[in-house]
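Naming follows writing order (A, B, C, D and E), and every chain is counted from residue 1.
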């Protein structure tokens, strides 16, 4: 048993426990420090993760846990996201009346869940890791317990999440029953014989339901807008980036490591889900006035784009997903940072409260605009190249199955629709003038630094994607495609 | 790559300028403007240098620079010039400088404006200089975004927001269609490289299967077509240009719009000649929509900007016609039209912008008889409008006539109608504009106009007009440079023609020519 | 146990699962919804145990163990939420939880 | 050299001397006079058949398309060159006086020089494309000149109309050029000519069509029916412009072009050309007799004479056509300048019924005008007689019906011209202005005198020799042949000669009878409604107006509404609206009620299962 | 044979009480639902016993009946929740719900019906005994990692519950 492979997760968990404990003795006025410490700690772990290199897959806990380039990629991804979200939480801390220390801790625990999920090589571990994430998010979502919206979001997320979990458990049961194992390696070994077994397929479908809920894919996307809107902003950010990425990595692992044959049989399903998700998210976002809710819908649409890569069932598609997620990370976090800071001034995320932002804070305005532009998939930002790779991957498959071309068309329609509302945000930010009462917004140094980091990330990925693409390509080599 | 090509410098200047502007404090208005002017001027000088040093006798692209960008999928930063784009780059640089000059009309948010302007210029120049499919598209998109934002922020008129959305959505659809086509092309060609030169060579050696060609070509045709306002996807253009700030309209209508045409010539036709043959008939008839339909629409416009916008759409029809003819003359003509129209559109929009600043309206039922008050601008405007209806001496005439000669053999009927559109319809609306706005008695309320007296103010107009006249008088400056490259394209297209059914086309010619015989007496009225 | 095979257990678990699902879909008290969710998880547990038994593989039972724990954790968080919510709204009705919509 | 002098002058004026009237006038006049002298010098040195027949330079070439710019010197172009520079020079000088008051004279002379340049370009062009280019340039410079007083709505409208009508003709011309190029593969006159000579059927089935299309160009420029409407309106320009453009040079370009490309025209095409020419001349003559504006009378007379020339071309008579063109250029320019002198003297009064008795007050003008009139009417021994006679002879030999028309037109010509003379110059002054008119200054009368020289004598030496190609027939003409020539019309075709003279005489008599002392026009009473029909030019303008309104405007309106409602409205707005609606409708699913979400979740699962497992 | 009868009895009772949890025609009181839930869980424990999962049966009763349901009841009592008010009975919603759930069940049952009957014919007689010792062994050796993760999960849940339900914090 090679426990040392889990060093990163262990570090995060220890950090979480440490924060929890330190919080007990820390005086009120130094709370801010706690957040910075947590962020710095995560950052440190992130840096440390670069000391680890995994030339080939290594296993621990009886092949339940795997450490391979894909896992490492996502661990770093989550660590990065975690560091930024923690910084964001510090910014948000005055709006959480109680237990900010616990907030950081739970974020860290959720983070560790995501990191475990990245390494999951067994359905049981998948389930447990996902539940850790989910339960942590139940708490994070309803953390503003004096805010009815936050509580409501928590309840909604909890009920639907538990529903999805139930399906997932049932699915795991069925898979276990037919393949007689929950380990991916074993499933892959017997998949040839069981892939025609309807019970096995049913199991896979139920597991997909559970994951579909996590990434907010159609038809399990209903929760996203409400929860995005109601949750505290850092939670939303982490939900948008971390939870979605965790769902995606598990989806990829299960589909392409455990049951690749089934994945290639089910392309039509994936195509339909991806297409409908894109359309649904974009169409619903059109008339949206609440920016967080809009981003909720947009996250549905982006789940659809990510599913493009899944639907392609190819190395190119998977690597495109990884790249896309990386771009999405910077973009969404930048957007939520701005929202978080602006909402600190006015407790309202209606788009109208962003009017004249350019005059109140040019940096925030530019950041939000850049984020929107990147989300819309316009060069030179990361979103463009990600979409480019995804579309390329899908078109690549078009020769085998014409349905892919329809999917491409749908994706295009989605992109065009999305332009409308993304640019609507940009318009509000720049076209209008601030109402007289609104003062200019000050941005603290760490946040400024963070924003710069996000912008640099977006630009770097958009302008010099070579390294990231290579990284993604190396990471997806683990799949059996 | 040890050396850095002049072209790279040419692209770099606007971006460098943009960065410098981004770093300057927002109160340094003069410095910001100076940086913008200087960087575009440097680009212009480099473009002139490239143009003069360009050796038409070499078929390979020159001033090449190639840096691997994304190794895994074969994207590289690859720029260079050959006959197809050398003129366009020069034109783009001229228009860019002129656009920077006329930007003095901007009164708010200089910093953002000039930043976006320079990014747009860099993108435009990059799109035309790229020899890599990805960067070709990338730069174009890069230039589009500032366009949208500038229209929205500094645009004029009440419905600029609607116009912004319309232009955004339309152009995005077009660009995305083209993107799909480009990706599909890349993949069908083996998925190893985005390099245009390599792809062209590879595809001429082993052409794509006809099914693939017929799948990809329409994507490119309509994708690029929407970008160039191919009828009936043109409605964004007049509206958008009417709403755009002057420099944006100049750059977009003048240069960026040509991207689609350039793409057709550079990519679609040489790489998929067979499909090109079967689709060019469609294009030929759609271009009639541009020439005649939009010409008629232009006749009805009451606003000068809308008139110019529609006429610019109509002019695109000639370039389409040239491309549709798929022969050396037609393609050369199309490029000439592109260059000429680029200069002309920039000039007209610059002038319209000047007038608008003076009058705050360009409705032709309100402003009348301006010439005596603004002799310089008026005269230049009249010359520009006359150039717009294809007057010899201006570069447009050369391009249009060349297109007609090129297209005549393929589509006599279409060409006849296009000639009608060029000579008669074009004449009607341009003269109408001159007649109402500049001639006739002056209208009350517009008697406080000031003419452009300052030499610096005059510079952009004179520069554009001078280039138009220069290329109009000495078209060989351009045509000799274009010809070898256009010939290569036409040859690739011709190879496919021989392989496809020749009988059908001759039949078509015969029927078409009998049509023309019957149509001439009626069309003479 | 000759006549009773895996499929019987599975049918029972499926039926129970669907009963739970039905409860989630139709009941309007959040508490009862939680209970229905418990039913669903229990149904899954039944399936797991049956699978485990008929496959001769203990892993299924381990999974049940985890499921029970997770269910308990979820329910506790959920109930805490209800308490918090009830303090704000004096209601555990789902129809009162619609401040965010459209 | 001759070609570029005016261009340089034009550029010079635009760049340096726009504000300075004297300099610009001097530049312009200097250029054209120098051109005239150079031409004479050239002819004197090289004769009518220069060794260097054609020099060209490649202007533009792509593939099969070679557009060359060249100078083609042959008798035809040299003659035309003389006409353009000579008559044009006189008009330039005259303009100096006529425009001395105008503040924008600089612009005027720039346009004038540009016009001269373009005209010379047409004359000297060696290929179709070059000719077309200058053809268009002539169009635009005439546009500038007609619309010189652009503040006047009528002038602005007239210039627009002229340009557009010309454009219509150019449309056909360009199509014709394209057609010729497509079948013969060249645009060079020389190459084309040899190709046609080598193989008369080279143009194939399209020969007639191509010929007629090219003729369209001439119809536009030479204002033949049905595109004649612009010419009378063009009289809104300053009078020297009318003289230059609409009498001497521009309108002659069409005829010149027809002569130049005569080899391309086959019999059916010529037939059509002849009839159009004949019809135009008759129509214009009829209209002319009921016009009251002095310049309009002259304009219609020009139309009529152009019809003559075109008819002559159509009857295979390029030589008579060119001959008449030459003589007509000089005497019509003379007449226009005379009219201009009158107008100037009367402070821009153009109605002949408000003149009268000018003979005494403006003797130079009167006598030169009379000379011009006599020439126009074809009274021997003035030049018009000889040229007209040749056309009549041509018609007599080829087409008796057209001959009849021609004679009738000759009679009408004499009638309306002498109506003009009698009403305007004889009798008594009918207005204040005419009573106090003064003779124009020398700078205006000297061109009149200069122009009256060829008016009187041009007929003496004829131009057949030029085209016959034998011997050098220059300025030095032997007196024997001159005398012989003088009477040759009577000797070799007496019928047509006498018919012409007779018709003219009859016309003069009629005019004398009717207008000797008339204070108002007696004709309206005599023919009633017809008069107003004639006076209103057979309502051509109105008909065209309606026609254009019904065709182009309707099409434009149609296109515009399609653009606005169908493409912009139905499609764009429709798609946009549908999308928006779909968004709003889908949004309704998000009721905020968790139960709905769960239900949809369940439905989703059901759907998913059905989709994947429903049909095993 | 006894086992067979017991299976049918327990199954029937499980399902019946399950139905009564969600759709009690008599009472809409959450307490009733909770009580029937206890019954369901008890009967299911019986099924577990039939499947020789003795340890799990015990856990089931202890954790669910002993802890979870008590928690439910505790909350119900704490909040003094009354009967679920019947506002508008959403017949359409319920109808669609029944339809959707029925179709899910139908599809699941059909899929389950496709298992080859060999599993039930007793050809491979199951021998697995769900005793405590092997379970514990597996749990603390092979499944140590998920177990530990679960402990974190419980920690998270604990922290969360305290934060959410505490009346006033500091």
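Keep this in mind: contacts are C-beta pairs under 8 Å (C-beta built on N, C-alpha and C of every residue); 3 or more make two chains touch, one makes a residue touch a chain.
Since the structure is predicted, the reported quantities are computational estimates derived from the model, not experimental observations.
Counting hops only between chains that touch, subunit C reaches subunit E in a minimum of 1. Touching subunit D and subunit E at once are the following chains: A, C. Interface comparison, A-D versus B-D: the higher number of contacting C-beta pairs is recorded for B-D.
Taking the mean of C-alpha positions as each chain's centre, the chain lying farthest from the centre of subunit A is D. Distance from each chain's C-alpha mean to the overall C-alpha mean is smallest for B. A separation of 31 Å divides the Cα centre of subunit A from that of subunit E. Our note on geometry: subunit B versus subunit C, Cα centroid distance of 64 Å, whole angstroms. Computed from the mean C-alpha positions, the centre of subunit C lies at a distance of 96 Å from the centre of subunit D. The geometric centre of subunit A is 26 Å away from that of subunit C, both derived from CA atoms.
In subunit C, 6, 10, 17, 20-21, 24-26, 28, 33-34, 45, 50, 52, 54-55, 57, 59, 62, 66, 70, 73-74, 77, 81-82, 84, 95, 97-101 are the positions where the chain touches two or more neighbouring chains simultaneously.
Multi-chain contact residues of subunit E (touching two or more other chains) are listed as 93, 97, 100-101, 104, 108, 111-112, 114-115, 142-143, 146, 150, 153, 156-157, 160, 164. Residue positions 169 of subunit B are each in touch with at least two other chains.
Pairs of chains that satisfy the touch definition comprise A-B, A-C, A-D, A-E, B-D, C-D, C-E, D-E. Only residues 93, 96-97, 100-101, 103-104, 107-108, 110-111, 114 of subunit E touch subunit D when the two sit together in their complex. Touching subunit B in their complex are the following residues of subunit A: 319, 373, 378-380, 384, 388-389, 391-392, 395-396, 398-399, 408, 412, 415-416, 419-420, 423, 426-427, 430-431, 464-466, 469-470, 473. Residue ranges of subunit B in contact with subunit D, taken from their complex: 166, 169, 232, 234-235, 292-294, 296-297, 299-301, 327-329, 332-333, 369, 371-372, 386, 389, 391-393, 397-398, 401-402, 404-406, 408-409, 412, 415-416, 419-420, 423-425, 427-428, 431-432, 434-435, 438-442, 475-476, 479, 483, 486-487, 490, 513, 516-517, 520, 523-525.
Those residues of subunit C whose C-beta lies close enough to touch subunit D in the complex are 21, 24-26, 28, 33, 94-95, 97-102. Residues 1-12, 14-23, 25-29, 31-32, 34-36, 38-39, 42, 45-46, 49-50, 52-59, 61-62, 64-66, 68-77, 79-84, 86-87, 92-93, 95 of subunit C are the ones that touch subunit E when the two sit in their complex.
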